[in-house]
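Note that the chains are named A, B, C and D in the order they appear, and that numbering of residues resets to 1 at the start of each chain.
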Amino acid sequence: MIVSKDAVLGNVEIAKDTFEMILRPQHMPTILPGQFVNIKLDGFMLRRPISVSSVNHNCYKIIYKVVGDGTKALSKVKKGQILDVLEPLGTPFPIDDLDEVLIIGGGVGVPPLFEVAKQFRDKQTKVTVVLGFNDKESMFYEDDFAFLGCDVYVATMDGSYGTKGTVLDAIAEHNITIDTIYSCGPMRMLEALNQTYTKGYLSFEARMACGIGTCMGCVCKDSKDKQLYYRICKEGPVFPIGKVAFEC
Amino acid sequence: MLDIKLPGLDLKNPIMPASGCFGFGREYAELYDLSILGGIAIKSATIEPRFGNPTPRIAETPSGMLNAIGLQNPGVDKIIETELPFLKQYDTQILANVAGASEEDYIEVIKRLNDCPEVHAYELNISCPNVKHGGIGLGSDPILAANITRMAKAVATKPVWVKLSPNVTNIVEIAKAVEEAGADGLVLINTLLGMRLDLHSAKPIIANTTGGLSGPAIKPIAIRMVYQVYQAVDVPIIGVGGITCAEDVLEFLYAGASAVQVGMYNFVDPYICPKIIEQLPTVLKKYGCKSVKDAIGRSHV
Amino acid sequence: MLDIKLPGLDLKNPIMPASGCFGFGREYAELYDLSILGGIAIKSATIEPRFGNPTPRIAETPSGMLNAIGLQNPGVDKIIETELPFLKQYDTQILANVAGASEEDYIEVIKRLNDCPEVHAYELNISCPNVKHGGIGLGSDPILAANITRMAKAVATKPVWVKLSPNVTNIVEIAKAVEEAGADGLVLINTLLGMRLDLHSAKPIIANTTGGLSGPAIKPIAIRMVYQVYQAVDVPIIGVGGITCAEDVLEFLYAGASAVQVGMYNFVDPYICPKIIEQLPTVLKKYGCKSVKDAIGRSHV
Amino acid sequence: MIVSKDAVLGNVEIAKDTFEMILRPQHMPTILPGQFVNIKLDGFMLRRPISVSSVNHNCYKIIYKVVGDGTKALSKVKKGQILDVLEPLGTPFPIDDLDEVLIIGGGVGVPPLFEVAKQFRDKQTKVTVVLGFNDKESMFYEDDFAFLGCDVYVATMDGSYGTKGTVLDAIAEHNITIDTIYSCGPMRMLEALNQTYTKGYLSFEARMACGIGTCMGCVCKDSKDKQLYYRICKEGPVFPIGKVAFEC
């Protein structure tokens, strides 16, 4: 982990209230799929954790949705500005040796999965992607996943694009039977997947103060041993499916 | 110029991370050498391991934050077994923060830590607002506060500092009661009880309903309390609450603190403690102080 | 949608400027029509004219400010003679804030205001931290607080609201005592006692040493107190502390306030009250509230 | 008084830690000599009061010294940025009918006196100016006053320019006997002038919260009637000499 001054190379709206930002660190660290960065914004006390969606030689991308004052301020940041960022944080998705894998992303849970798909495709793994959004306007990255050579299916809650309903509805409709999943998205989606699948990884969110494992703000319990806990910012955000308890 | 000798704590500089804002130092040890710190107030230790409160435990506020961790910690035995040996490698002073659900708990934790040479002094947390049957009652009543202090002093083989709650009508009364009961020093302040509501659900953002407010927002209250208590007691004071820079440290020294703790700002800037230690000599000089000792209590002369 | 009827106060909307942050409205009347305000809590009135404390009386803090005005006001007779007639021209509700150095002072001020039809209700300020022998003692002791409330109720011909101090160990205890003594409503909160030191002189910036902390910094504390008191009393609550926008108002309504006061933010944006009144319907709707009444206490259901 | 969004047309350092900024309001109000504006800065709670130093058709100038975090932030404002400003505030210097007048400015008390000098010169009044600074590096506007056609004398505390000492030392050295003064500067200077002169006006400073007369943060007492008080932001900052008590 480093504290970096990252230069903003771009910051554009790619879907409804959803922005893609390119950041160039002073010294590019190794960032693995599923890791996140923690961004300081002027006028806000706590940093904002955002997943890295894609990594290049000397820069990386994030995709974020404007949901409150902090992400609104982030959306106003201009090309050329410098941001104070802790990077990278958290335990990544392991890119296991697999013949095929199912990637399931919901809303702003989609971003970290793009780098996952990229790295699996680099290893020739067959990648099937199911993306869930509220509506067509909120959708992003369908084409980008396709360009990697993934099979991509989309579900929207209002049926304005793809399957009407959740990612599980899309999986059923298209008879997708791949049993190893890599997923990130809203809690309810993760909980449903946790009950349906037994192999793969889920990535979680939590309100964080430090993002580096000291404040104990972001903990979750082990699914079996209620004395055992994990820090989502440190042992997570990625956990093997079934490892983490959903009530907390 | 920066050194200061306090009960149990022979500090090379007056800067230490505050309890609960630095864990047991492991994460920060990856970033810098902990030996540069004056001391470290480690996370509250309780007899049993504690998971703490349900999440969310964190909320942002204007110039501050709320937390309701609920004293999550692995329990004193585990701390003795794995954390203190880790901290031993660093040349710094360890202030062991002690908490519990009953007076007996506190005493038992102290007894177990008495034999640990890594611990230089105790910090009785009688002020955590996030434990139900716990500290908050003790910290808001002078008789109870004096009582637990007396009990702690009776068993402790190391100096006892008492960390007070700001959620009281009269901080001076509590401070004097605790001093009279034998406290070797006072730590001021813990967090103020606060709350935030989510506008969508109308429910508190913090699962535990209320949380402890810390950060720059509370600094004026902390400064006021250190100032008032300094005039009323003879034991030294460690100041804490909203420190973000060396200038803030100087303000606490002027008010009467002999050393300070940095809390939530470690989360904002993980290098804040080394930065402050580096800048402090310049800032002392800028405002005409020859040393830390020279600055302590300057507002009162 | 915005209207709410409270003891003595028939409010067209729940927004009023807080006492001491709006004078007697003259300066703001040059900017907008005061008739759009739900009500106005006018500056504390005392029996004698008061010059207040020496200057500096103002200091900035992170997300807040300190003030030690010391209840400067022209005295109740002058207020009756020149300020109330001025305010009479506006179609709004007047909450007359009453203060004093002794219980008798309060009673005398109320007696003189009883005959003024311009005043719709009283707000007993038993919480000003800036007057030496004054309100602070009354506001931090449940027996004294109940006593002054009872005395006020005995002479007042209009409803009596009591404005409580947050500088107490147990706000619920005070609130209940005051309710039992007959208060028609409660106003929460006044300022928190704080302090800032000047780094050059090492002396307090505020000449009176300490000052009252207000602004967004204290909002989490105000919300917590309104929330706790709402669960314990049956009389209505007016919430105050750190409001800067319509969303803040909604948070106070959810916590249990029936109306709110806007304090220091009037200094930052002199048009803040009309802005909030304009935005409130949209914000209520956005979060699914049909009316102000619909939002009150929503966190508790 | 209006709340205005003022465009910054310039912001340059003109002496040690001293900046001159040009501001253009949306609708230029009438600003009289000695009045001030109250500027909101991001990240600061209270506005910063700064005197107007010079007025033109659709814009005005301020001159300020960096003494703390707020003025430091102001010095970082870039051309083209928009500031939230209350303007104009306070009671101005009356530009009386006089044959000659002595203007005495100390440090950042100098700025409001420039517009005073300008308006007196427009009325053909003979204007003598005495400026006091800490040192030569802190000096500004000597030439600007000269260009208006004023006689200008400078004192510096360290003697690095002009008379060594205070403005009173310069007045003595140059035998200036004009008896009506317009002055602004540090409290100690105003107090000395208050004891020496009986005709003219002094402009004061105070820590302010509202700047418009409601908070009672900025009051001072009448020099004779200790029950009488004035708000420096409203009845002031300019007062007839002798009117205001110096202890408060």
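The working rule: a residue touches a chain if its C-beta (ideal position, glycine included) is under 8 Å from a C-beta of that chain, and two chains touch if they have at least 3 such contacts.
Because the structure is predicted, anything quoted here is derived from the model rather than measured.
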- Via touching chains, subunit B connects to subunit D in a minimum step count of 2
- Message: Suppose chain centres are the mean of their C-alpha atoms. Which chain sits farthest from subunit C?
- Response: A
- Item | Whole-Å separation of chain centres (CA-atom averages), subunit A against subunit D | 56
- Mean-CA-position distance for subunit C and subunit B (Å): 34
- Task: List the centre-to-centre spacing of subunit A and subunit C in whole Å, with centres computed as mean CA coordinates.
- Result: 46
- Task: Provide the C-alpha centroid distance between subunit C and subunit D, rounded to the nearest whole angstrom.
- Result: 36
- Where does subunit A touch two or more other chains at once, residue-wise? none
- Mark out which residues of subunit B touch at least two other chains, giving numbers and ranges. 61-64, 215-216
- Treating touching as the only link between chains, describe the layout with one word: line, ring, star, complete or other. ring
- Message: With touch defined as at the top, which chains are paired up in contact here?
- Response: A-B, A-D, B-C, C-D
- Message: Can you tell me which positions in subunit D touch subunit A when the two form their complex?
- Response: 42-43
- Give every residue of subunit B touching subunit A within the complex, in rising order. 20-23, 26-28, 30-31, 43, 49, 51-52, 54-65, 67, 69, 72, 205, 215-216, 264, 266-271
- Given the complex with subunit C, which residues does subunit B contribute to the contact? 61-64, 66, 140, 167-170, 192-197, 199-200, 202-204, 209-210, 213, 215-221, 223-224, 227, 242, 247, 250-251, 254-255, 287, 298-299, 301
- How about subunit A: which of its residues touch subunit B in the complex? 1, 3, 40, 44-47, 86, 206-221, 226-227, 229, 234, 248
